[in-house]
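In what comes next, chain A is part of two complexes: it sits with chain B in the first one and with chain C in the second one.
Entry: the complex of A and B
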């Protein structure tokens, strides 16, 4: 167990508004070993971002962790004080967000924001911090970094801004990096470049990575393990190889066949029909039931539990004896 | 940056001429003419009035009259007061100091009170603190100056007798700073009440909006403490609409100054304006109006400059 960096057990997150309470994350468990890369995959709204924000305890005023534990290096994050959390955020666990357009402060130069991030956790003089900031920009592949330091976010392209966000996240050498859809807001060629950069990072840095995406293709070459989420729950959790070679859950299969492939000439991409059930109105049986081609009678009435098949966990009646 | 300033100044020029046209039209529509004063002389002859009419240029077309007036105006000549026969420009300059003292101290006071209150309200929305400052904000923006003035005079000057009832200095002839401050407190407080109300609301609103932005989440995720997130990242962004609001408040501030100066006998432009209106002293009324309009124009340009100093996206446009 000494190798485990992060362990999330039975995490439940609820959001309360005046007239309703929704459970956005419902009994999610997973773990990340040191240096490992976990891919978290699922359609928009399935609770990926909420799960990652829960790990940093940044759910805002309406979100509450109502159950479970989050152990980081063996210590329960949920029991820590706010000021201890500030020590963990950015330094131990860093985060890259999807929205590079809006994720940087528009009235501050890139340099100021980077230096600000570096000096949150490390006392150093301005010169040293500036040098480190320039080094970080170089490391994430930003050309003429000295000049970029004095520019504002709106002067940079989307891809460059995302690189700056990555540089900020890496600047304190975190042991866990959470990348929440780092490429979603970018156009295709830039996406490929950022994925390339993430792959480099995986090779060169010792940080464990959680990469969140709605596109299985993004994590295909990067992830060691993959967790597939649906409607706030884990539906399949397995080795990346076995997910791609032998996907168990009907939803995972659906996701896989909707990845564009260069080796097959398909005109129309397969897409899973229907849409995610609303959190206000969760089906009483399997949450995927309405969209599932393999649905059986039992699926409509009884929710399946997560069960183990070989090295995988899967939430589906097909695999329950 | 330089280009932006030049653009703003170029826009101000036609605005200025527009203002002069409006002022001229309105005052020529008003009843009475400069010749009315002559008519008070019982021995005056019709020929003499006609001679004066030509001397004043009143026989000319109204456009010629306007152009002549404008020409004088551009040379800094605002004409002579019907009432005192002194140059209008000199009268304005004499009254300008007290008005600037009053409006500036009221604005600084409002900012110092309202911005921290608004920030705290936004930081803990729907708390007791928030309700208290929102309440204060509503009462503030709903209280007319004259009413607030009377109440404050009643309590602080009449009942408690700790502050003077009006004026800028007392009648002893000695003028000291502490004496000025003592006389300034009540009128400045009255003038800032509505400003405080509007500013609290604006600060709370823009702060709440900024706090839900993605870059605030980014800043929190770097481990920055909440108070530093507020000061370093939220405040400067929230200031942008606050500065705009301050700029929009300039005309209201001047309007408020007219009323406040009248209540407290403050020897500024406002009370000169009221006096001139009651005496139908048109040259002074026109002079002050043009002067104030230009002041508002300059105020707007300064607001824009501050705005662009805060927001790099505007600067680089």
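Entry: the complex of A and C
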């Protein structure tokens, strides 16, 4: 497909500690087309963020990509040199981080940080960069941007800071934007505003977006396709519509039923029992089997493979023929 | 979230908090006064710390010699002023030398880690396990005592505290989210260090700078007192005290040793108060 922007094939990421090696992402494959929005959903610790950091090759010293390939516009990112990566980061692939409170340099004004970001990749004089920075702030809906340019991060509210971070990420017109739980650290009203903003940006810019979240409500409004991850693996990968109408994997169903609903009178909110298995001690069979309502005998002993059901892929013995 | 007018820029806040610290303000005034006195007075008046007044050997304070004279008739006040120049010079310059060595080493060790980190931090440990006064004495006696050797040696011996301080800070700052997002923007290591790491580790260095200056002044005085620092006839507070070691001087000629003692204590105390004030002013968590 000529339309494919990012293609991840069989990605495996391992973290080594002194006494053990942990596989945080295990055989993940997906692709993002130009202008498309992919939602990545899952509980904490199931490898969503690690996958996104792997795409930017920012795993730090302990993390290593041990297998697989990441093709960005047809070129393997894993084979690029570090200085080539610096060109890609920010310019081609930008990232919005989870915590807006700590994501900005506390000793630099908003304006300086924005101008800095713009001039990392684009050669332009200070005046033009400043104008562009103000434009970006306007675009993300910050009132009186000229004044904000001279303020420090601690003078802004959490929602404003997240807007600034989004402005920074968008300032070089990246073709792929990775948003790692952009709304988690914000309160509900601000969350709604940021989601509105992201939706607008989706319409106005041509960037493809990968939105990482544990909140299915967030992706429901934005994503074209959804990838559900569990314990470092993809358990379901399908069209956003079909996931909400007809979820296949028991885990996806569990996630969907644990969303509070206003249209039904429920006393106790559904919760998936138990927690994600430790990555140091991965079950022999299906990784979800201990928490699964539909677990069968085979689930305990043999790991299921990803199989295709209609347009969806799902990793569950129920659908394996 | 606090929202203030234009007046609350970062530096404005810092000055406001500093001004609220009474002792620090007193310290600052004393330091400024001292600098003016020590450097301007010899330019305006003809003060001579070297010539003996043959009419007054070991004379008590009088109208002619306001702090008296020493055993060979030199004016104590004049020697105090010139000694002050030496003390302040040694204190500041040697601290700057320590910073110039310690900060880059500490930053690189903390940011990149690896073998360089091991080499730098372990040699800092080795340096710190020597009793520094003895090492300085040996070095000075090998090179020969003078203001410049003393400054250089105190400066070189002081790098460890800056290296360790900044190393520890870099370790924590480098893991901060804004450094991570700087990387995700595509910033290169050099820019990350100069724009993100250094400004965020600046405050503790500034504070350490003041205390280190005070320490260097004491160190210089100790060395001069031991006869290994500034050499006579050049005056320094330490060697004025060195000249006042005998029991008769101590008991009967207090003008020989009380003024340099007070000058020394006052200077060091003022610098330390000033440092306290700077620390409180730079601490953003403390809002006054």
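Criterion: the second predicted complex is superposed on the first by the 318 of 321 C-alpha atoms of A that agree within 3 Å, B and C clash if a C-alpha of one lies under 4 Å from a C-alpha of the other, contacts with A are read in each partner's own complex, and residues count from 1 in each chain.
The criterion applied here is as follows: a residue touches a chain if its C-beta (ideal position, glycine included) is under 8 Å from a C-beta of that chain, and two chains touch if they have at least 3 such contacts.
If you're wondering where the values come from, they're calculated on a predicted model, not measured in any experiment.
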When chain B and chain C are modelled together on chain A, clash or fit: clash
Contacts of A:120 with chain B and chain C, given as first, second, both or neither: both
First (chain B), second (chain C), both or neither touched by A:156: second
Partner chain(s) touched by A:95 [first = chain B, second = chain C, both, neither]: both
Touching partner for A:46 - first (chain B), second (chain C), both, neither: neither
Which of chain B and chain C A:65 touches, first, second, both or neither: neither
Overlap of chain C and chain B interfaces on chain A (superposed complexes): 56, 58, 83, 86-91, 94-95, 97, 99, 102-108, 116-117, 120-121, 152, 154-155, 165, 168
Chain C residues touching chain A - in the complex, by the definition given at the top: 1-4, 8-10, 113, 176-178, 180-188, 191, 195-196, 199-200, 202, 284
Of all residues in chain A, those that touch chain B in their complex: 56, 58, 82-83, 86-91, 94-95, 97, 99, 102-108, 116-117, 120-121, 152, 154-155, 165, 168
Chain C contact footprint on chain A (complex, rising order): 56, 58, 61, 83, 85-91, 94-95, 97, 99, 102-108, 116-117, 120-121, 150, 152, 154-158, 165, 168-169
Complex interface listing, chain B residues touching chain A: 213-215, 217-226, 232-233, 236-237, 240, 310-313, 316
